[in-house]
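Look for chain A in each of the two complexes below; its partner is chain B in the first and chain C in the second.
Here is the complex of A and B:
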């Protein structure tokens, strides 16, 4: 891969703090994720009622992508996200509904979110992205794979930009990290730099 | 190539059923579900005990998802004639939607009572089956990952594998997917009201929905250099691939199949082929009212009303979810090798919305390029193109 790509910007949602390029955009002492993310939604004046039907992973992804894509005009943006827990948090909810002896009925509203890539669909619908998207399951944050995948997408002209990152939600714990890879940008696109940005919210 | 599905325990048996027009759809026997009289499924007759015996594993150690995956992956590696899997940089990319959920629902209440089934808790997540398959294949320090993009998972695994070989990161990669049936999946699809109570009928005007199926299917991809070095017989080539998001709804396709159109366009562009070069389409064709209408319209848009012969093989296997892209990749390669178009079983009534007739009889004709579609929840649409020649 001869071409050098750059990271344009990055965002985090971690421990009650939402930041863009390391600058806080919203902070809260709230420890309950659902209350925290709702207050973030209100704070950003998001106005997207579908948000309230989403599971936690998609809510996290939606707010994270909104902050990241605030001033973005490009529409040819591919998505390559990853996490460790897949959609287990919602899977467990679905599992409990179907094992409830009194009332063993699954809920369509829960079941539709029992796949990790649904959050990619929600981002795509929100930002009208008809681009390539994949969701990978890794043991831990894996900058190497995201780096190669983004390079390959851009080198093969599959998209103008790529949003990469980590979108983890499980049992109330959350960790969102997104970054935009493009031809130009202020940060280097290298494995070291991706790891550094991941660790510096 | 290796496959285990409702229509056979290996590639040979699957092909035999395809050309004989023999469906694998039946009532469910392995899972005691309240819906057993309301649904039909593509169930693999072999039970877990037999699969464990075949793999030399202790009873109740792995989820069915991992068992099926290991059986199919072993067949693929064996058939490829690989003697030492670590003699080249070999990866494993496997798709799954359900992971070890079959065991979770079996032992859900036991987890609170005793530690007897504790090992199945760690077997729940999507990456577990991939790790177990990798160890069964003897892979050491390899690139192994799991893709979970619903019903396009295995198609995306194939696409990623092809890319990693193209970019020189791997010499060889085992790609595919595995999913077993579970109450989790059955109840979920039941609430979406897209399960048929009888045999599924792709592209039929009176289609009532899909039959869920279970399967595992893997293909071995090798770089041109390795093929030359090992003097391999090449079964087929991955000529093109494309993925796009439909950006419409979590579990439904857009009315005009926008995502499907984009995926097919991208695959054709990468292959450098015009639509008229496609000889056969192995359609996604799940037999849900929504998919077949959306996919049909997308095909009409791409092929400008001159749609080549097409059929869906879901009436044989059921919808095998994460595996669909790999099982149908194998069927596409078998179609190329044998110059045969499989019949779209159970078709009777043309759809009212357009004039599209799937192939209903077995046709033998020279095939050079086959297009295979796989569309998943989340709007994830993937198209793969397979060819006989480079």
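Here is the complex of A and C:
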């Protein structure tokens, strides 16, 4: 049946702090997300102009994946992310523009981000990942489903590694947690361990 | 590994309540796409396939609901009730629920609606479906753009193969809303006439609405006559552009290759392809390139968008259910709206509905975010 897979590393972006395996990589007192994520972009010398066209959820996902994958050579990596609010932050923006009495026209640049899996597309483009993509919605972080799904992808040779996690942006609040599941790694791949790492920024 | 099947299913569409009415319409090569005027949706006329409110209210009322549900919830409940009843499965802790949608109850963001904004959260939608039927497990909501409905079948298979569930009910739906139509209109992607997938004169998509549901199971005791085995499935990203399809069909090609590899079949073993075929110039061209790269250009192929429009998060499941019946009836359904090949590579578009012995089919879908999914099915037999 299932082989024992391992978690290689994990990263967080939460409350002005970006960390990898619990070690801070960038910290800021800035409470406004757009200013905070831009300063992180500059701090890491990201040099990816597309970043500035993205919505908040994709900006969060892009920086989180950059930190997680900075020394990664494997390209056959699946993505299985989840959140609570889907793309509602951008959905509200789109809804506002089409309800504008003076100028009720949608912007294609906003509308395209009204899907949560767009952030998977942005990660895939950035890191050249031609692999499995799935976006799930749960009302809270759900380690059980991600655990089963990652095991299934690896056991069926859908990819060499899987990036799983939680990518939430809603009404200015953000919470990103990503981890890499593979054949080898320092952390156990178990529901208990995933929940522990989620709570250990 | 044990085989996993797509079994009992239901389609609620503009054709009527139940798969039979939709299949009768398709068999007669009748489209449900009609020109419409509705200023709450778009300031100018548009072409769509929608479900009549009066009929939906009646069918929903017959379920004896004890709380108020949104229009989308009503649609999903009405469809799923039929599938659960036909399946005769007790909803114990071995039964999963997957809800596939791109936008869920997005219409509650409109300022004058009776439901609170909280209802736009997809997990709330999942909870409403779960609670109504008394599922023991939380709903898994999948929102992966236009591949959601077909990816949901792959995800259900994976959870069953992992031993988490014995059976999974998948329910899928999206509504025709101002939110969606104004967005596609801004992309200048909407056709004012019924769409013409793969045709030289194609001029864009129509958005339609359906509620569909199906049982995925590993238990042969719960198979329908038309059941198919889910042989192989894969989902690959283009890693190219978030709103434009890859010029080389990369993600779709890789998805097809990987799904075929897992199925153990060769391209030559596929009897029929149910393509995505949205009728936008770029999408259909991309699919033609991917199918040719996969050496599937001679396999009879249709797009069902000419009957229902693009039903977004439901389309993959809807079109798979129709494909399953196509196999069962040994009938290739015409690709409605097609007249003359309008892509740079050859494809065997089904021009009129014909009888043919069929055993296997490939379903594909592609969507925003560069996502693509391919699934290979085969008749389950008795």
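By our rule, the second predicted complex is superposed on the first by the 199 of 201 C-alpha atoms of A that agree within 3 Å, B and C clash if a C-alpha of one lies under 4 Å from a C-alpha of the other, contacts with A are read in each partner's own complex, and residues count from 1 in each chain.
Here is the rule we use: a residue touches a chain if its C-beta (ideal position, glycine included) is under 8 Å from a C-beta of that chain, and two chains touch if they have at least 3 such contacts.
All values reported here derive from a predicted model rather than from experimental measurement.
Colleague: Return fit or clash for chain B versus chain C, each positioned on chain A through the superposition.
Modeller: Superposition check on chain A flags a clash between chain B and chain C.
Colleague: Once chain A of both complexes is superposed, is A:133 in touch with chain B (first), chain C (second), both, or neither?
Modeller: both
Colleague: May I ask you to decide whether A:91 touches chain B, chain C, both, or neither, giving the answer as first, second, both or neither?
Modeller: In the superposition, A:91 contacts both chain B and chain C.
Colleague: Let me test your reading of the model: by the given contact rule, A:199 touches which partner, first (chain B), second (chain C), both or neither?
Modeller: In the superposition, A:199 contacts neither chain B nor chain C.
Colleague: Does chain B (first) or chain C (second) touch A:35, or do both, or does neither?
Modeller: After superposing on A, A:35 lies clear of both chain B and chain C.
Colleague: Kindly classify A:186 by the partners it touches after superposition: chain B alone (first), chain C alone (second), both, or neither?
Modeller: After superposing on A, A:186 lies clear of both chain B and chain C.
Colleague: Using the superposition described at the top, list the residues of chain A that contact chain B and also contact chain C.
Modeller: Touching chain B and chain C on chain A: residues 1, 79, 84-86, 88, 91, 94-95, 98-99, 104-108, 111-112, 114-118, 120-122, 124-125, 128-139, 145, 148-149, 151-152, 155-156, 158.
Colleague: Note which residues of chain B are touching chain A in the complex, please.
Modeller: Checking each residue of chain B against chain A gives 34, 97, 99, 101, 104-105, 108-109, 124-127, 143, 145-150, 156, 160, 163-164, 167, 169, 183-184, 187-192, 242-251, 258-259, 262, 266, 270, 376-380.
Colleague: Spell out the residues on chain C that touch chain A in their complex, using ranges where they run on.
Modeller: 43, 102-104, 106, 109-111, 120-124, 126-127, 138, 140-145, 151, 155, 158-159, 161-164, 178-179, 182-187, 234-243, 250-251, 254, 258, 262, 367-371
Colleague: Any idea which chain A residues touch chain B in the complex?
Modeller: 1, 79, 84-88, 91, 94-95, 98-99, 104-108, 111-122, 124-125, 128-139, 145, 148-149, 151-152, 155-156, 158
Colleague: Tell me, which parts of chain A touch chain C in their complex?
Modeller: Touch list, chain A to chain C: 1-2, 79, 84-86, 88, 91-92, 94-95, 98-99, 104-108, 111-112, 114-118, 120-122, 124-125, 127-139, 142, 145, 148-149, 151-153, 155-156, 158.
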